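Look at the two complexes coming up: subunit A is in both, with subunit B in one and subunit C in the other.
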Partner chain A sequence: MKSNKFKRWFSENTQLLIPVIAILALVIFNLIRDPGFFSITLTVNNDGNQVLTGNLISILNGASELAILAMGMTLVTAAAGGQDISVGAAAAIAGSVFVKILKGAASITPWTLIFAFLACCAVAMIFGAFNGTLVSVFNIQPMIATLILYTCGRSIAYWINGGATPTVTSPLLKALGGYIPGVPVPTPIFIVIIVAILFALVFRFTTLSTYIQAVGINQKAARLNGINPIGMKLLSFVILAVCVAIAGCISVGRLGLINHETLLLDIEMDAILAVAIGGNALGGGKFKLSGSILGAYTIQALTITLYAMKVPSVSVKAYKAIVIIVLVVIGSPVVKSAASRLWAKIKGHGSLQKEVAKV
Partner chain B sequence: MNRQARTLRRKEPLTDTQLLLTITICIFFAMYIAAMAIWGGGFLRPQQLFDMLNNNASLIICACALTIVMIGGGIDISVGGLTALVVMSCVVFLDDFGGNIFTAVLLSMGIGLAFGCVHGLLISYLEIQPFIVTLAGMFFARGMTTIVSIDPRTAEHAGFLLLKKTRLEIPWLGYIVKKTGKLIPAKIEIGVIVALVIVLIVFFMLKKTRFGRNLYAIGGNSQSALMLGVNVKRTRFLSYLISGLLSGIAGFVYLMHTGAANATVAAGAEMNAIASSIIGGTLLTGGVGNVIGTLFGVLTLTTIKSIVVTSGLRDPWWQTITTGAMLCFFILLQSVVLSNRGKFKLSDLFRKKKTDVILEKN
Partner chain C sequence: MQNDVVLKMRGINISFPGVKALSDVDFTLRKGEIHALMGENGAGKSTLIKILTGVYTKDSGQIFIDTDGTESEITIRSPQDAQNKGISTVYQEITLCPNLTVAENIYISRGEGSLVNWKKMEKDAGALLERLNIPARPRQQLGSCSLAVQQMIAIARAVDMDCKVLILDEPTSSLDEKEVAMLFGLMRDLKAQGVGIIFVTHFLEQVYEVCDRITVLRNGELVGEYEIENLPQVQLVAKMMGKELDDLTDMDKKEFVPVQDAAPVFEASGLTSSDCPNPFDFSISKGEVNGFTGLLGSGRSESVRAIFGADRVTGGKVKVNGKPVKISKPIHAMKHGIGYLAEDRKRDGIIADLSVRENIILALQVLKGFFRPFSRSEAEAFAEEYVKALAIKTASLDTPIKSLSGGNQQKVILARWLLTHPQYLILDEPTRGIDIGTKVEIQKLVLKLAEDGVSVTFISSEIEEMVRTCSRLLVMRDRKIVGELVGPAVQQSVIMKTIAGGGD
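On to the complex of A and B.
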């Protein structure tokens, strides 16, 4: 009975196999290379806080924005069968609005911070709704529809800033992107956990997840079953926009300034990769949020490993590409079916030999 | 052809490809003529058009590569990275390893073919998502560019510099500077000629060869193409191979234009190329597209940018914001036109409605 349950659990979660194996391989590789790789030490940072430092913390901390974006991207991928490539540009816009409001405020209190966050959420949601309308109402491929914002998003952010890269200094903002005084764990890690719990609660208590999967698997069938595909697609883009706003605010908090050119540069590609490594079909349909989160941490772990191996930051991409290709080749349907055929052959051969031995 | 056949032929409706192509060409000419009428000056000189081509020769080749892949229903976002890798490799090869121009061209084509071959194998034979494979290709090419040389380089090979300086001069299209009375002939770079020849070759390849027809078939519906006996996998593989080869050539053409290499060469070229293809009437869903339209797509994008600069919006953000708005306009136009195909005919405007005729009779 127990093994049956385990079997069912295993068959439901086979798509998590590849990111888990990848993370384990990275962990083992790092432990062999440098046994102290994952050691965590307590040090005092510039602000006089007791903080935890170490590669493990920098992996968990550095992947925060990516993990949040990957969660939103998973929903869009599942519902619309395509990806949003404008998340980096939209995050730059959201960050610009966030900084503009903070600059405009007389003094930065928690309430201004919340108001600024809500405002940048609203702006991001407007842009998300724009993308979503193009995709759902006009039936344009998501990648093409979001190409518009990808092209001009960073320029809009530049325009909002008025052609400058303003800086904001505030202990509250530092707490958002760095450490809350007295807490040794970086705040972005908590934000990821909160977002993940929110998603889990929404999926647990609403039909959102089922509806999105139904729209992604077969739009017409979903429509005949009373689900509004246009609404679902639009909703998934708006949810992604909220994720984008959160990621943009974290990123601004980290640096204390908004640079429209470099804020979350190329993050859209990494977010799509995280979704793919997590075993979610890029053509839409079924999805697992946990896969995408694991995928995001896999990518960050890989990056940190390469940095630790003294690879220059501009060349990291080349090694990343090799690992990505290896992962997707292992996960490709052709290789999978060939492997299962081979496995069946080995198994069949073994049982045949046993039978022969019996005789 | 006898008259009957001709009338039969005339009755054939426009295909989607032809319709989108016509729209693009009309809009490009309308825009250019409007610019001539409103701002005059530079737009009246043929050199303006040639400069657009000179600056965008490599983009035209990249866009051709993307058009081929997109007609087959795929996507290749590695073209920009590949261009950068080829530019850097050629500079290092020419300056440090004493290569000559011929071998440098071979090297650039070889790099392109190698990437195209790997992409094609992974996408068509292992059935991996084209977006992910070419994304990895882009990462690899960009990373390799910095591994080949992390410092910016400038080509110093004597023969190459001679080739770079060579211009095709057309005196009768030139203009006379009023102050000195000197005639400045129109100048065209060699890269433009290469690009235009490639556009023509690709045009005939798509129209006349078996590969071209197969490509439209698998892009339209790969399942029915398979049923009709088209070798879907090989066609898809070939499309990525050609895309890689063209990206390699685009890299060399880029080098002939700038003569300098660094890690940010052709940044964002893949998205510009995709945008040009879309404006030119290629659909990402596959099966619809034309390489002549792509050429006009590149020209349209460039014209918009120069109009923005001429009209006095000099802040750096306006160029890209208008590009985005224009892209939005074209994408919406295509979507509306294609979804209303068959529902609405132009001739209906001139013909009286049936109900009106009946009413008149009564």
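On to the complex of A and C.
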């Protein structure tokens, strides 16, 4: 009975195999290269806080925005069968709104922070709804539909703050992007955990996950079962927009300023990649959020490893590309089916014949 | 007579993944004849046409074409190649350029050098139009002509390219009566000039109006070639459906006694949808099994889809249990206790990658609401119950539905709707493509549901099934209800005669 349960759990989570193996491989590789790679030390930072530092913390912390965006991107991918390439630009807009409101406030209290966050959420959701409408109502390919905001998003961000790159100095903002005084773990890590828990709760208490998968797999059949495909696609874009707003705010918090040109630049590609490494079909349908989260950490672990190896920052992308090619090829249907054939062979002819007999 | 043959296809075979689309089909076309290619949807008509026009490549078989009295075997590599060999096609949709002139459309891309002699082109076009009695001017923009004239210009273009074989694929489906007459006039002219015409249509009357011979296909096989005089319309229907009229024996039938004075469970008047343009009336009582019958493509599915709100509903009044309601989306129908098992299981039924369990509970889950998901154990209990009740063969409840056999997939979809405990269930081709054992089980289930007071509308291409299950039949032809058979009249021979309409 217990082995049966394990079998079921395993068969439901096979898609996580590749990101898990990739992370394990990176861990082993780094431990061999430098046994102290994952050591964590307690140091005092510039603000006088006791904080944890080390490569592991850098990986977990640095991947925060990516992990959050990857979760939202997974929903859009599953429902619409395509990707939103405007998340970086939309995050720049969200961040600009966030900073604009903080700059406008006489003093920054926790309430101003919350208000500014909600406002930038609202703005991001409007843009998300715009993307979602193009995709769901007008049936435009997601990549084409979001190309519009991808192209003009950073210009809009530029207008919001009149072309300046204003800085905001506030201990509260520092706490958001860095450390809460007295807590040695970076705040973005907690935010990722909170977002992941929120997603888990939504999936537990609504039928969102089933509906989105049904729409992504077979939109016509989903509609004939009373599901509103347009609504589901739109909703997935709006949820992604909330993720975008959160990521934008974290990023602003880290730097204490908004630079509309560079904020989360090119992150859309990494977010899409995280979804793919997580074993989710980019053509939509079934999805696993945990896969995308693992994918995000895989990408960040890879980047940190390369930096630790003193690879010049200009060449990092080339090395990253090589590893990604390997991961994507291993995850491809061709290799997967070859592997499962091999697996069947290893398990022996006996069980193979049993399978055939069952069919 | 044999020397008049212009096109001969012998032993044509073609397969697509999983389907044998044509097996050993012969087809013969003579000079100066109009030859109807008939068959239900999926019989292989368009596949045969596409082989002839070079869209598909046959797996085996031979094609001969007559060139100046000598017969030679040809291979057709592409649509362009087909055209060069004298086989031209005019499709249902106009494939010309509406923003060019009539003359340009006739002579465009004919590969006669890159220089254009506009004067000569217009003069030739004028002569051609006159010869064929087509009411259009060479310099007129094509888009300003009526659809029928555009159709005729497409034919003129084909004829001017020295075509020996002209294929007309459903040319009349968007034309009105007068335009059809005009088109037929042109077809007869061409026939007199010795062109062999293959006419594909689903309008039976038109076949008898203009054709000389009929070739009937069914399930990718040749049924036969007939002279039009020797094949009355009702026989043609029988051939298309694969029944000999003489074989038709009637079976035992259940009597349905409707509860009088009770409002019908579902009632529609003047219902139309985007895919079902002709308004129709329909009603069904509690515990009744009725059905739509007619050839494939006669509008049966479109009618039930309109009832369920599956297509865009454009008009009509609907009452459920006597109360006026609005059904414009599937969810509305579901909320009124209507279930709909779609005709195309793959396209409209299964959510392929989701598990058997998720597929079974889907409709009930949607009815229960977005914020009230079933727990895993509740869902498993429901799924378990129906997997047992319908004897669904699946490795587990977590198996993706796509790895089940067709019959078991169908049972899962059936379970999905039964789980919602509908008062009215629409089953569109529930037995298509599944084994005989499952077919019988599903028929029994339909009768059992009716006994329990569920109303069922049943559609099947297999007339025996309809006869066995339905107590009332609505017969459709050309997207219209042309007859209603009740009680004893529900027998195969009557059904076929009604489908064929008029005649004998």
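Quick notes on this one:
Methods note: the second predicted complex is superposed on the first by the 341 of 359 C-alpha atoms of A that agree within 3 Å, B and C clash if a C-alpha of one lies under 4 Å from a C-alpha of the other, contacts with A are read in each partner's own complex, and residues count from 1 in each chain.
Keep this in mind: a residue touches a chain if its C-beta (ideal position, glycine included) is under 8 Å from a C-beta of that chain, and two chains touch if they have at least 3 such contacts.
This structure is a prediction, so every number in the text was calculated from the model and none was measured.
In the superposition on chain A, A:43 makes contact with neither subunit B nor subunit C. Once chain A of one complex is fitted onto chain A of the other, the partner contacts of A:222 are limited to subunit C, with no touch recorded for subunit B. Judged by the touch definition given at the top, the superposed model places A:167 against neither subunit B nor subunit C. Contact with subunit B, but none with subunit C, is seen for A:149 once the two complexes are overlaid on the shared chain. Touch criterion not met for A:14: it reaches neither subunit B nor subunit C.
Looking at the shared chain after the overlay, A:285 reaches subunit C, while subunit B stays out of its contact range. After overlaying the two complexes on the shared chain, residue contacts for A:205 are found with subunit C alone; subunit B is out of touch. In the superposition on chain A, A:134 makes contact with subunit B only, not with subunit C. If you count the residues of subunit A touched by subunit B and by subunit C, you find the higher number for B.
Within the complex, the subunit B residues that touch subunit A are 75, 122, 125-129, 131-133, 135-140, 142-144, 146-147, 150, 263, 271, 274-275, 278, 284-285, 315-321, 323-325, 327-328, 331-332, 335-336, 339. Considering their complex, residues 8, 11-12, 204-208, 210-211, 213-214, 217-218, 220-228, 285-286, 358 of subunit A touch subunit C. If you check the complex, the residues on subunit C that touch subunit A are 308, 310, 329-331, 334, 340, 342, 347-354, 358, 362-363, 365-367, 369-373, 395, 398, 416. Contact residues of subunit A toward subunit B in the complex are 83, 134, 138-141, 143-145, 147-156, 158-159, 163, 269, 272-273, 276, 282-283, 312, 314-322, 324-325, 328-329, 332-335.
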